[in-house]
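Got some structures for you, see below.
Shared between the two complexes below is subunit A, which pairs with subunit B and subunit C, respectively.
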Partner chain A sequence: MATLGPSHYSPYPVAVYENILPPPPGKALLLTEVVDEEVAMREAAKAMLTRENPTIFPGPQVIYAWNEEAKEKARLIRELAEVLGAKIIPMVDYRPKYPKIDPEKEINPNHPNLTIWHNNIKACIFVGVHCHYANVALKIIRAETDCFTIALCSNAGHEDAMITLRDQHSEELKKFIEIAKEVKKEVK
Partner chain B sequence: MQKLGEELRNRAGQKIVDPEYLLFEAPREKVFMTGSEVVKEAVKRASVDASVSYPITPQSEAAHLIGELWVEGYVGVYFRGESEFGVMSELAGCSMAGARTITTTSGPGTLRAMENFPMWAGSRLPIQLVLMARGINSPLSIQPDDLEVSFLLDTGCMVWYAENAQELFDMILAGFVVAEQPDVHVPVVNVINGFFISHTRESVMLPPDDIALPPYNPYKAPMPPIDMEMPPGRFLRDPFVMKSNYISYATHTSWQFEVRAAIERARPYIKKYLGGLIEEFGDPESDIVLVSTGTGAAQAKEAVRLLEDEGVKAKVVKLKTIRPFPINELREAVKNAKVIFVPEFNVVGWLEREIRRYLYKHSDAEIIGGPRVAGGMTMPPEIIAKDVLNYLGKEVKHVY
Partner chain C sequence: MSINIFKINEELKEFIPQEVIDLEEKATWGNPKRGVMDLPYAKELLEEHSLCAGCPESMAFRYILASLPNPEDTIIVNSTGCTSLVFPHIALHTVHSLFGNQNAVATGIKRTLEWRFPDKVKDVVVLAGDGATVDIGLDCTLQSFFRQEKITTICFDNEVYANTGGQESGTTVQGHVFKMAPKGKQWPKVPMWQLAIDSGCHYVVRMSVSSPKKVEQVVKKAIYVAREVGPTYLHLYTPCILEIGLNSDDALMEMRDKDKERFKFFEYVSPQAEEVIAKKKEEGLL
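This part shows the complex of A and B:
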């Protein structure tokens, strides 16, 4: 729990208070460092392939068939999960659940730590989660767990994730899958 | 939006252009108009979907002129709210449904609407408010006084401050562009000093009125827009306090930090579209610095000219944004300062408080909160110059 700095006794440290902003277009963020997208993809794949219980958390933008891109992304995410040997636990919506979610079946942005604790998840990917809810959840995860967080964002990225890739659409997902296949060979 | 050949056009038939072209590249022509008229000209070029109004001096004319734009087909929806509280609530509904929205208010109207501003920010609604600052009752005043700005500083809204009609025009257009960035997406309040800007004419350079900003795209918003046509329809934002106290504490904390983080993420966009968070005027090496906003900065610039006649070199640091506060820019701009004056149009010195907070342990300069005027008084540049000359122990030659 953060006891120092601008976040003070809040359990949730905030990256922008440490002067970390989302990466500029064409770049990615690896912890506090702005790096090339490919470098970040390799590190993300490595984290998912080497840490315990890697899990992908797909959000409403890709688990509902809003449009053709959403359908294509959903297909690619299943392929990515296979390559990474990752479980898929969806974030089906953003409403807080009462009295408690079933952490084996879903993750919720209001208490994402419950799902991560229950499943002992040490690396995860957020994809298709609306930015506000991803940011709320990533701050909580960063403070409450030792899970390595990766955000694949179709907009500007998420500085509270440990790796964030921005402007991620179908083409970028395909590239990530190919890089993950290469890294998989290297880590074995 | 309609497509004519390769061109995209908005509901008014204006050609859609990049924000960069509209703000920086399009040819401009000089016109002579009031701040209220400038609001109309900016909204005309902003592809605005909805505006709700309520009369209060001095912003009534600007609100009325936005209504004329609705008649002319430039604004999609326009109506009068039941009160300022109604206006801001109704705008929230429009914005949640995916509309680009703007309104104007002043003084007591701002306070009547107050509950809505943190609600806008917490709901991540990029609504724009043009605040023509005026005194706060009681006693009744309709005169310019910017005390009300201090109430807005911690609402989670961005607060920008325009010095003149030209800056107001550009800030309204840039305001939409910055506030609607997916990683920012919080409201923006563009402040001017009422009457001084709203009711006086000045030269303003305007781009053609047959071009406009691209429409707002709510599907890039950080929260899903309310869209009953798109399944799953029920994306309501249930208040988590109704669910469990544990969730309430934890999520509410992270949520509030996220809104503040969103304001911080605006910094690079503001640098791009406003050319920086501050502007400096006068002798850059001077150790006498006047830090102010809006009309205070305009008067401080005149004071610098007067001081030059007296053989005293000084400079102005104008803060274009208060939220996000230009922390590093201010520290750099006053690094050589021995004394900092903070001219303000209110009795409490909220800007002085802000400056003291961010310069604490970052500057050895003496900070003097003033001169201050309030209740609608003007701030002649002579009184600023007089304070500086008095501080320096120099003879004050002017008659004040």
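This part shows the complex of A and C:
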């Protein structure tokens, strides 16, 4: 049976209703607090290393080789998944799936809760998902699951994620991987 | 935008569902000679859809999407109606506009693309039903023709507002009775193809979608003419089998019947369009 999140089936943008806003440039959001990027990265790595079935959800911006940055990010995401011991389940595009998706193989922004429930995912990273669909998916996950969400956003971040890192590009991903390696040694 | 947006990063390929890999490897990208004859062999840009079983609109979609000469650089603009149920499933860029303003939105997209990518060919194709094209959106449709916008407009004419229960539309035939039009329509069908000619379209066709090869030919001609000359318009009969009381397997015969009547093949080509078509024939693209 699915476990609901604190917002239950709320149709509202709950994070904003709780006065949670995206972090300012150079900072990150950790639950309700604005913190330094490194602090958020450590907590994100800790969540992924200690919770059940950690999973990375790469979106179209990193799945497809549309520029050099995307190619580099894909390589880094693969490395990050190995460091965190996380599964990779792609969000290949935003088309609805009929009659239904295969939740073991993909996630869809219109019903991301199905993939999270099916795989009992308790921590996840969104990376390379276009912001408008990341917003939709993160709101649904926040409302309908108890999954700890981490958004690695290349723009302004997502207040509906439990941890939001903004302006994340290849350099920042490399930094995150190094921090994840350190945290991995600590939690063992 | 580039064709690379369909190429999957090697590092992540093992996690990608096979149908998406097929879309990269087996769909017909970068080949202007693609057409309906590829349908049995190539990965289609539309496979699953949410239209009724046997709906002629789904046939029209398959033929049109298989015929686009430049799918990787084509933007499709759609509007409210049965067709809008299909667009989320298409593996191309689509924009859903408000009910009726699809040609205005397409105008903006086309002009912006010409400004942003002056050295690239970008096709903008409007796909909308008869309600959006002829009734609610007639103003925006005709105004885009008057302005000579270089877009292709394709109207799926099912002669009724089908997914709202069967109200008469501008293209309903005089005398036809529907569930929500019990007295029968009192005015003649709007001859949209004629309005398109009078409003400045350079290539206009009226037909049903009973013949896939013919659909391919007119779609390609319409897009090539729109690229170089100005607006083009295709008026396609895609009957709503539910609203006219037919079974799923009756649609093709219904269209073939109407091929001999009010949807008899009609084609208008302006002198400028004729030049473009002749040139494309020489190049082996038609």
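To be clear about the criterion, the second predicted complex is superposed on the first by the 175 of 188 C-alpha atoms of A that agree within 3 Å, B and C clash if a C-alpha of one lies under 4 Å from a C-alpha of the other, contacts with A are read in each partner's own complex, and residues count from 1 in each chain.
Please note the rule applied: contacts are C-beta pairs under 8 Å (C-beta built on N, C-alpha and C of every residue); 3 or more make two chains touch, one makes a residue touch a chain.
A quick note: this is a predicted structure, and the numbers were derived from the prediction, not measured.
By the touch criterion stated above, A:Trp66 is placed in contact with subunit B and with subunit C alike.
By the touch criterion stated above, A:Val136 is placed in contact with subunit B alone, subunit C being left untouched. Once the two complexes are laid over each other on the shared chain, residue contacts for A:Lys181 go to neither subunit B nor subunit C. Shared-chain residue A:His169: touches no atom of subunit B or subunit C.
Looking at the superposition, the partner that touches the larger set of subunit A residues, subunit B or subunit C, turns out to be B.
Looking at the shared chain after the overlay, A:Tyr98 reaches both subunit B and subunit C.
In the superposed model, A:Ala156 lies in contact with subunit B only, and not with subunit C. Overlaid on A, the two complexes show subunit B and subunit C touching the same residues of subunit A, namely 60, 64, 66, 93-98. Residues 7, 10-12, 14-17, 21-22, 24, 60, 64, 66, 93-100, 109-111, 130-133, 135-137, 139-140, 155-157, 159-160 of subunit A touch subunit B in their complex. Of all residues in subunit C, only 2, 4-12, 15-17, 20, 48, 50, 88-91 touch subunit A in the complex they form. Residue ranges on subunit B touching subunit A, taken from their complex, read 124, 181-183, 185, 220-224, 230-232, 234-238, 240, 243-244, 246-247, 250-251, 253-255, 257-258, 260-261, 264-265, 267-268.
Partner subunit C is touched in their complex by these residues of subunit A: 58, 60, 62-67, 70-71, 74-75, 77-78, 88-90, 92-98, 102, 105-106.
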